[in-house]
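Labels for the chains are A, B and C, by order of writing; each one numbers its residues from 1.
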Amino acid sequence: MSGELVDGVVPPSVSNRANVLEVENLRVDFPTDDGLVRAVRGLSYTLAPREVLGIVGESGSGKSVASLAVMGLLPKNARVSGQVRFGDENLLGLSESALARYRGEHIAMIFQDPMTSLNPVYTVGWQIAEAIRAHRNVSQRAALEKAVELLRLVGIPQAADRVHNYPHEFSGGMRQRAVIACAIANDPDVIIADEPTTALDVTVQAQVLESLRIARERTGAAMILITHDLGVVAGQADRVLVMYAGKPVEVGTADDVFYRPRMPYTLGLLGSLPRLDVGGRRRLTPIQGSPPSLINLPPGCPFAPRCPMRQPICQQEEPELRPTDHPGHLAACHFSDSLVGVAPSDLFRPTARDDVLPEDAGDSAAPEVTA
Amino acid sequence: MLAYTIRRLLVAIPLLIVSTFVVFLLVTFSGDPLANLRTKQPPPSPQVIANYRHMLRLDQPVLVRYWHWVTGLLHGDFGPSVQGGGTLDIGHALFQRILVSLRLVIAAIIIAMILAVIVGTISAVRQYSIADYVFTFTGFLFLSLPVFWFALLLKEGAIWLNNHIGTGFKTLGESSPIVGPGFGSHLVDALEHLVLPTITLALTAYAAWSRFNRSSMLEVLGSDYVRLARAKGLSRSRVLIRHALRTALIPFVTVTALDIAALLSQTIITETVFQWRGMGDFLFTAIRALDVYAVLAWLLFAAIIVIVANLIADLLYAVLDPRIRYD
Amino acid sequence: MTSRPEEPLDLSSPGAPVQGMSLRQEAPPPSAEYEFTVRARRQWQLVLRRFLQHRLAVASLAVFIAVVLFAFIGGALWHYNYQQFTGDYSAPPSLKHPFGTDAASHDTFAQVLRGTQRSLEIAIFVAIVSTAFGTLYGSVAGFFRGPLDSVMMRVVDLFLTFPLLAVAAILGDQLGPKANGWFWIALVITALTWPYVSRVVRGVTLSLREKEFIEAARALGASNARIIGRHVIPNVMGPVIVTVTILVAAAILTETALSFVGFGVQAPDTSLGLLISQNQTAVETRPWLFYFPGVFIILIALTINFIGDGLRDAFDPTQRRVRA
């Protein structure tokens, strides 16, 4: 198989330290009416204590499925293989009751949609207290007091009153903060945040991210921050893993991925991101087309149909995740070397018809590719 | 909530007035109440017929008759009956019958709900397991079973067992004509007579309800909050009962309450097979006797049951779902 | 993440988008109407495919069709008439009388055929008329909303206030003995079932109203009647078909129950319910008189219910997704 992280090339930032979570060659398939959906096709990563790993990728790239697999929360029909090591234990294959001891206590999760994440029939405080009492032998009263404290920590005003509210009495942002409070209730070692801000208003997003940062710092947990928005990752992640069609296609430190991308897809993602830190006016350069169907994936690089640098070999051989010119920075592209110094707009067409910048129109060209 | 209940009951009054009026017209024009009398042998004298006409207010316009009926109701007078030579007190007779039927209906509802919750939950949690297939198939079978046929089958089976094994199933009536002294023996006797009709009614009702509970459980089991509950590290049973079942019960309870009208239909058929002197017998006898006011009283009571059941459904909804608040 | 470019893409460059993309660019912008028709057709193909995957439903459909053919063609071919006295009294099943005979020497097979015919005729009548009326009624109420909707729905409430069987019995007592008893019975059951259809249709219509293609059709100047006919009704057909299958099974059970208590189909005509009623005392002595009509009722109701289940899965596959 390809795309596997070999021990020798683990990024230096986490070497010498025991990893809190190690995922190795994770695969998830769903048998469906239309065929086998190969949602995750060999994902490996490591997470050091206190580290923040950002996982980015378009909708459908398998980010949620991969993290649900870590938690053992996938639907019954999912076929999961590989290893998810927490401490000395491989979580895959543990029974539901054995897994329950890890969930919440060691690994906590925050889901995408705060509007539906909380049970509508119980108060917010009750649900947080429940999380505490699942792992701690404390009274309901003590648990509720802790819940108030947690709500205050994540920035809910008048937490002592709000703790008795039902979820429908909370706004979306407040609900997500309540879910964060739930997640940190037992001081977990790892928090998996699956697109915690995607469903929220832009104005609320920053507040929730701030709550998340506070929560992380207070508990000292490592975090996997999943998003399809590189902007969210930029401020928080130490390392970034880019996923495409169920596979990691680029892994490295945040600086590696943001300033030295070695995979056309990453470059495309960067190009579609409005950035204020780069001087001057710049066009957005979106990636055309959509991700491939995960059923009957054709051979070769899954990004090939959309890749401006595509060469014949790309359609025959799927590139492996290989070290690049920077240590610890891996990319899965046959031509990653030729991306040195290439900007997104060199590769992708800018958004058309922009009256502000007429001089740029239609003159972008693919860079020379040396095979 | 109290204010809401009162408001709902007040709103129900116009509905009751309109529906009783429609039913009044329907029953009035569906046949001649004196047809049976006219064909009697030997023919009654014109004077007798005229007396009946007057007693049944047939000599008055329909609207006036309706007015009389409604104002009579306010005094507890359900109108004149052609049965028992015109002496039958409809209100009293119906009340007796309702007491008889109600114990069957309540027993059946309780058993059917318990069965439906258990079966539906197991089916949903073990979706596509052998148990689910078996439950699904038997559910559909009971859904497709004519209640009278099933009742007859049970009845004959019980008679066979009584004759061959000596079991003591009671297959006729709601109570024995002669019962030992004391409340206890009456209670035992009534319970013994309840067994077979209750099984019949409960199984027919449970079928649809367990299907409903299965699908609402499936929906809840796939919800984000159940996933979050699992992610918190709760035990499986706590996730299933405190989170999944608790929420799935909201629509379930509502649907069962709304199903009472349909259950009433099944009840009167079941009673017929087991020859109970309950509401079913009252209605069918009244229809055959062309006893307009008795039929009207029955329908009025059925409508009240349905309206109250609807109200209970709404109130239960508010009790079970904190998102719903009335007032 | 992708936005549609206005300039035509250069297909010769190495990075040109391939597959469906170019197609979408070249096709003329489809009208709302066109897109709708295509979508609808694809949707129906999908429904058909999913239905065919529900094996129990497909098998039930086959059995149901067999029962229909059996009742209508078999009834015409069978050498006994349901009213005929065969001269064989209370005979158990044999080659001559596959389902035996009753005390008056009627051939039970012929009677069951006739009863099945009656039950099916009533069911089909109820299905067609209550669907047509209920759909129209519900879509008008849901489409116009406001006071009209309120009034129309209060009427529906009114119909649903009474136990179906009781009202059917009251009317059936008068109408059952008429010449075309079965037709009147069917009409009564229809009158009491269409409100269920209209409730479902109204609910779906209310949510459809907000959809873009209705907005688009309205923007194109389509009349209300046209929008209801072309856009609303085709889209509510899924839920309606599912509701109607359930109602038809219920209608068969209602008709047989009604005939059983004596307010439905009356002799000399016959129905499955009436046959059971006439033979209820014979369960032990001549069980064939009791079991065969009952089995046919179950067969019809069960197959229809399974077909309905298959249709529900086909129209709404979300329930089939295995989760948790």
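Just so we're on the same page, contacts are C-beta pairs under 8 Å (C-beta built on N, C-alpha and C of every residue); 3 or more make two chains touch, one makes a residue touch a chain.
What you see is a predicted model, and the numbers here were worked out from it, not measured in a lab.
Chemist: Just list the two chains that share the greatest number of C-beta contact pairs.
Modeler: Result: the chain pair B-C has the most contacts.
Chemist: Please indicate the chain closest to the centre of the assembly, with centres calculated from CA atoms only.
Modeler: Of all chains shown, the one whose C-alpha centre lies nearest the global C-alpha mean is C.
Chemist: Could you grab the centroid distance between chain B and chain C? Build each centroid from C-alpha atoms only and quote it in angstrom.
Modeler: 26
Chemist: Express in whole angstrom the distance between the two chain centres, defined as the mean CA positions of chain A and chain B.
Modeler: One centre to the other, that is 55 Å.
Chemist: Just give me the whole-number Å value for how far the CA centre of chain A lies from that of chain C.
Modeler: Chain centroid spacing, chain A to chain C, equals 48 Å.
Chemist: Residues of chain B that touch two or more other chains: which are they?
Modeler: 127, 222, 226-227, 230
Chemist: Which chain C residues touch at least two other chains?
Modeler: Expected reply: 321-324.
Chemist: Residues touching two or more other chains, restricted to chain A: which are they?
Modeler: 75-76
Chemist: Which residues, counting only chain A, touch chain B once they are in their complex?
Modeler: On the chain A side, the touching residues are 71, 73, 75-76, 96-97, 100-105, 108-109, 111, 113, 116-121, 130-131, 134-135, 166, 168, 179, 182, 185-186.
Chemist: Could you please specify the touching residues of chain B with respect to chain A in the complex?
Modeler: Checking each residue of chain B against chain A gives 127, 222-236, 238, 243, 246-247, 250, 320-323.
Chemist: So in the complex, the part of chain C that touches chain B is made up of which residues?
Modeler: 154, 157-158, 160-167, 169-171, 173-174, 249, 253-254, 256-257, 260-263, 273, 276-277, 280, 283-284, 290, 294, 297-298, 301-302, 304-306, 309, 319, 321-324
Chemist: Help me check something: in the complex, which residues belonging to chain B touch chain C?
Modeler: 15, 18-19, 22-23, 26-27, 30-31, 127-128, 140-141, 143-149, 152-153, 156, 159-160, 215, 218-219, 221-222, 226-227, 230, 261-262, 264-265, 268-269, 272-273, 283-284, 287-288, 295, 298-299, 302-303, 306-307
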